[in-house]
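Same chain, two partners: subunit A is paired with subunit B first, then with subunit C.
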Partner chain A sequence: MTARDFGLEQLCPKLRTMPYILTSPKDPRYNCVAFAVGDVTQFWYDVSINGYYWPPSARSADTIEGWVDVFEIHGFRQTDDRSLETEYEKIAIYASADGPEHVARQKASGMWISKAGKGRDLEHELEALEGNFYGKVVKIMKRKCQGGRRVLE
Partner chain B sequence: MPVHNPSKPGRARSHRQSQKFYKTRRRRFAGRAEYMPSGLHARTCIAAPLPRDEFVLTIGRIPNSYNFPTNQTKLERIFQEHVDLWKEATEHCSSLSRMIVHPSYRRIMGMGPAALPLILRELKEHPDHWFVALNAITGIDPVPDKSTFDEAVRAWLAWGVREGYLQ
Partner chain C sequence: MKQNPIPEPKEELMVQCNAETPFSNVDRAFHADILRR
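This part shows the complex of A and B:
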């Protein structure tokens, strides 16, 4: 696996100056939403054909509200605090003017990890993916660690 | 019994004339559609009912009006160019909507049934999000409910083999 994703750096120029680590090969089977809730077998999107998954009670995958619904179903609640709180797991939703674009989850180390579309998983700073392509972080959500332990690392 | 001919208002054909008309159309279409795989050609053009002139004329006009590739090699080359463009442009997209509105994806869907063997081969060799295109072209969804991505790929490939689009 190469140490850099030049395609992604082109889309997110802050990656050129901020540290990041690629942690998986390219994989079209799952996307950032799936990865954020720990599923690497399905691409989470609401489309009326089989082979995709979207929680039935969640609103459209093309809206921020829809993404918020998904994470609320998984026990996350909205917050403004993007710092590391050891007793909480956090996710951050990036959005552009066109709608939600990306989501990352925070690791115990304070770094964030996410799946770049059909590409690779990567560990990165939260701000490193902000820019024209993924937009800006618009929502932070958190859930209490269960029994003091994170569900996902 | 006279049959109304919509292309010539006010004129009617006998049943025999009508049969001859459709037979000629089929032959003409068969001659033009060399870009289509033979299996598909047989299904859409010969076996499928031809209820209206409109159907035959629309399908038959496509190659000339829209400069569709006229042979398999050219079709494959153009298909591969669009696949490469689409993959590069959408690699980091999380949104399926964005992926499928990309011009190359739309162009591939626009190739219609002729692209089916190519899409299925691509799906087999490099699995990716071709389910929407396959569904749009065929109008069916052979993937069982609650399938994962891998299961969806397997279902479409099995369909392709069953229908003769894949070896």
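This part shows the complex of A and C:
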């Protein structure tokens, strides 16, 4: 695996100056939403095609409300606090004027990890993916660890 | 009914990209399609 994703760096130029680690090979089967909820077998988007999934009760995948629905189903609630709170797991939704673009989840270390579309997983600073391509962080959501344990690392 | 498969990234084009060469509009569109949600 290469140490840098130059394509992603071109689209997210902050990655050129902020540290990031590629943590998987490219895989078109799952996307950022799937990865954030721990599913690496399906592409989470609301189209009726094999390999795609979207919770039936969630609103449109093209809206921030739809993404919030997905994470509420998984026990997350909205917060304004993006800092590391060791007793909580957190996700951050990035959006542009066109709607939701990306989501990352926070690791126990405080770093964030996400899946770039059909590309690679990467560990990164939350702000490193902000810009014209993924937009900026517009929602933070958190869920309490169960018995002190995180559902996802 | 046969369903459309999820398209694979075009690996050979991905590796041509480097940090020093700015994207053309075509390059940008291609990589954006791979990397967007």
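FYI, the second predicted complex is superposed on the first by the 152 of 153 C-alpha atoms of A that agree within 3 Å, B and C clash if a C-alpha of one lies under 4 Å from a C-alpha of the other, contacts with A are read in each partner's own complex, and residues count from 1 in each chain.
We adopt the following convention: contacts are C-beta pairs under 8 Å (C-beta built on N, C-alpha and C of every residue); 3 or more make two chains touch, one makes a residue touch a chain.
No experiment lies behind these values; they were computed from the predicted model shown.
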**Message:** On the A-aligned overlay, A:117 touches which partner chain: subunit B = first, subunit C = second, or both, or neither?
**Reply:** both
**Request:** Considering only touches as defined above, state whether A:8 meets subunit B (first), subunit C (second), both or neither.
**Result:** both
**Message:** With both complexes overlaid on chain A, does A:16 touch subunit B (first), subunit C (second), both or neither?
**Reply:** second
**Request:** Check the residue A:41 against both partner chains and state whether it touches subunit B (first), subunit C (second), both, or neither.
**Result:** first
**Prompt:** Looking at the overlay, what does A:137 touch: subunit B (first), subunit C (second), both, or neither?
**Reply:** neither
**Message:** Touch test for A:104: subunit B only (first), subunit C only (second), both, or neither?
**Reply:** neither
**Prompt:** Can A:33 be said to touch subunit B (first), subunit C (second), both, or neither?
**Reply:** both
**Prompt:** Is A:51 contacted by the first partner subunit B, the second partner subunit C, both or neither?
**Reply:** both
**Request:** Using the superposition described at the top, list the residues of subunit A that contact subunit B and also contact subunit C.
**Result:** 7-8, 11, 26, 28-29, 31-33, 43, 45, 49-52, 100-103, 116-119, 133
**Fill in**
Given the complex, residues on subunit C that touch subunit A span 3-9, 11, 14, 17-19, 22-23, 27-28, 31-37
**Asked** What part of subunit A is in contact with subunit B in the complex they form?
**Response** 7-8, 11, 26, 28-33, 41-43, 45, 47, 49-53, 61-62, 99-103, 115-119, 133
**Item:** subunit A residues within the subunit C interface of the complex
**Value:** 4, 6-11, 16, 26, 28-29, 31-33, 43, 45, 49-52, 100-103, 116-119, 133
**Item:** Residues of subunit B defined as touching subunit A within the complex
**Value:** 88, 90-97, 127-129, 131-132, 135, 141, 143-153, 155
